[in-house]
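Note that chain A is present in both complexes that follow, paired respectively with chain B and with chain C.
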Partner chain A sequence: MLDADFFLRWMNALTEAVNREAGRLTELDAAIGDADHGTNLQRGFTAAKAALEKDAPDTPGAVLMLTGRQLISTVGGASGPLYGTLLRRAGKALGDEAEVSREQLAEALRAGIAAVAQLGGAKPGDKTMLDALEPAAAALDESFTAAREAAEEGAAATVPMLARKGRASYLGERSIGHQDPGATSSALLIGALEEAAR
Partner chain B sequence: MTGVVGIVLVSHSAQVAASVTDLARGLAGAGDAVPVAAAGGTADGDLGTSSELVARAAHEVDRGAGVAVLVDIGSAVLTVKTLLAEGDELPDGTRLVDAPFVEGAVAAVVTAAAGADLDAVEAAAAEAYDYRKV
Partner chain C sequence: MRMLINVPETVVADGLRGLAAAHPDLNVDVENRVVVRGDAPVAGKVGVVSGGGSGHEPLHGGFVGFGMLSAACPGEVFTSPVPDQMARAAAAVDSGAGVLFVVKNYTGDVLNFDMAQELAQDEGVQVAKVLVNDDVAVQDSLYTAGRRGTGATLFVEKIAGAAAEEGAPLERVEAIARRVNERSRSFGVALSAVTTPAKGSPTFDLPSGELELGIGIHGEPGRERRPMMTSREIADFAVDAVLEDLQPSSPVLALVNGMGATPLLELYGFNAEVHRVLAERGVPVARTLVGNYVTSLDMAGCSVTLCEADEEILRLWDAPVETPALRWGR
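Presenting the complex of A and B:
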């Protein structure tokens, strides 16, 4: 079973991954976006880390709700409301259980992903974070490792896609051949889950 | 609801939000009769959207008759939608209005200045999409 401590380790591992990969995320975003994805997420997760240390939420749902809240208020770009909605909706789905199963987490993530899809109006294949998150949530029923692999494959699969959402969509055909920054950061989110489970 | 509808203008740029606020006020000739607030850029003054600035602006213009929020693109749209979905971040009767930013802002302020309700302000702002230039 996964307790609040597991979820705090997950968010910590994610913050470290975002700090480590911020340069790459911003580089990917420079190709088809506005070159701020790495710095925006760094700002958001740094604020979230401070809030988690200060408030020490004691349920899985509360960890995700607080992190999502911080992302919405501090990121400044579209990734703030998108990741904020993902985590807050997933956190809400977990309720105030002290421990949840991996299957419950997968179900909660699917609720979060549905909320993100509704908010942004994107579908799988539009070259967005959904292309990494949807296969990952499905594979999470199997294992953390399968979820991480599915997320990485999903992110890599955005390279030949034509962007249909966000600033990259203005580029039309020129968006083809670049990996989507949002799908890439989503793979970090799922990869951090595997790290927390170690 | 009684009172005048409030207007919030959310842009990635603080200058754009402030300038469109001045423009809409000026063209409406409404003086201070309509509460209009700009929420532009991030809290640090960079390009982007600040949920805090949006929430503060909405509370500032709320007179109990509803608040119409007009936005430019991307994170401005998503931030306002997210705040509305949260339920308790914005005043009751706050609505994201689907309208072109500049033309919609002018139409919204003019309509609000005439004492119209939120539905009419929203309709006037949305109608600005139909205004062809050629």
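Presenting the complex of A and C:
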């Protein structure tokens, strides 16, 4: 079973991954967006980390809700509302249980992903974060490792896609051949789960 | 790339401190990133609030003042502000007459302003919203995020601000803002890529001898790259791209806008070419504004925005305005 400590470790591992990969995320964003994805997520997760350390929530749902709220209030751009909504909605779905199963987490993530899809209006195949998140949430029923692999494959699969949402969509055909920065950061989010489970 | 900065992390805050120092009549909250008219809330007046990523100065903070914006919310460089900023701005300027949000059509701006509208309404502020989406370089279809908001933002903010200053109620301010946007189109060209403080190197590689057609204002590449063209050729291309989508039956407002690094001498020369091609196409020009107003940091290049004016639009355009970047008639 996964308790609040596990979720705090998850958010910690994610913050570290974002800090480690910020340069790469920004490079990917420079190719088809506006070169700030890494910096923006760094700012958001740094703020979230401070908030979690100041007043550590004692349930899994509350960890995700607090992190999501911090992202909405500090990131801006599209990624703030989208990642903020993903985590808040997933946190809400977990309710106030002290411990949840991996299957419950997968179910909650799917609720978060549905909210993101509704907010951003994107479908799988549009070259967005959904292309990493959807296969990952499905594979999470199996294991954390399977989820991480599915997310990474999903992110890599965005390379040949034509962007239909967000700033990359302005490029039309020229968006083809680049990995989507949002799908890449989503793979970090799922990868951090595996780290937290170690 | 040499930049006149301290460290990338404080670029926006440093700029706000400088704006406050230059314009004591503005109320600049550096910590919460909100620029408000010093006399807000003005009794009975609709508040006009805009915001967006930084890097487009003087848009939006330079347009706060009498006859234009009531408040502006600057985000990080090229990143939309967060909902808390717009909700705070709305509360600061609302006199009870309501607030209009002027939102450039980008995924991030739309999402954050939507969330801000909910927050403000929860606090009892009546909020209407108008999207600016004038850039003809982006196909407005199901397969893109829709047309970008660029130069027409200046027209919308000036004219909606003037209507609000006259005491028009919220639904009229909203209606005229929408009308100005519907009657405006833009097209932009880059002669160099942009360098953001955070990245420190150009966001795309544009060899000398080439230019990008159909660029946005965030360093995102355009739709097409071509060998360098003359001012005359660029004017033909840009104006025709606009006129393909807007067939004005009345005189236009013209904004010949610099992207940040193109000298005014070149912009005025380009403006001469814009007027020439408009005359050739039989489009009379009612008013012209030339300068760096909706910029993209250090990008060289220009954009053309045309608005099919009518009597009311012209009257409100000519109405007095007193802001850091735009002032006349007062």
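To be clear about the criterion, the second predicted complex is superposed on the first by the 198 of 198 C-alpha atoms of A that agree within 3 Å, B and C clash if a C-alpha of one lies under 4 Å from a C-alpha of the other, contacts with A are read in each partner's own complex, and residues count from 1 in each chain.
Here is the rule we use: a contact is a pair of C-beta atoms (placed from the backbone, for glycine too) under 8 Å apart; a residue touches a chain by one contact, two chains touch by 3 or more.
Predicted, not measured: the structure shown is a model, and the values here were computed from it.
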{"item": "Room on chain A for both chain B and chain C (clash or fit)", "value": "clash"}
{"item": "Touching partner for A:L171 - first (chain B), second (chain C), both, neither", "value": "second"}
{"item": "Greater residue coverage of chain A in the superposed arrangement, chain B or chain C", "value": "C"}
{"item": "Touching partner for A:Q104 - first (chain B), second (chain C), both, neither", "value": "neither"}
{"item": "Partner chain in contact with A:A78 - chain B first, chain C second, else both or neither", "value": "both"}
{"item": "Contacts of A:A30 with chain B and chain C, given as first, second, both or neither", "value": "second"}
{"item": "First, second, both or neither for A:G120, with chain B first and chain C second", "value": "both"}
{"item": "Clashing chain C stretch [against chain B; choices 134-142, 170-178, 206-214 or 278-286]", "value": "170-178"}
{"item": "Residues on chain A lying within both footprints (that of chain B and that of chain C)", "value": "36, 40, 72-73, 76-78, 80-82, 119-120, 166-167"}
{"item": "Contact footprint of chain A on chain B as seen in their complex", "value": "42-44, 46, 48-52, 74-75, 78-79, 81-83, 85-86"}
{"item": "Touching residues (chain side chain C, partner chain A) in the complex", "value": "53, 75-84, 106-108, 111-112, 115, 137-139, 142-145, 148, 196, 198-199, 203-204, 216, 218-221, 223"}
{"item": "Touching residues on chain A, where the partner in the complex is chain C", "value": "26, 30-36, 39-40, 43, 72-82, 119-120, 162, 164-167, 169-172, 174"}
{"item": "List of chain A residues in touch with chain B within their complex", "value": "36, 40, 72-73, 76-78, 80-82, 84-85, 88, 115, 119-120, 166-167"}
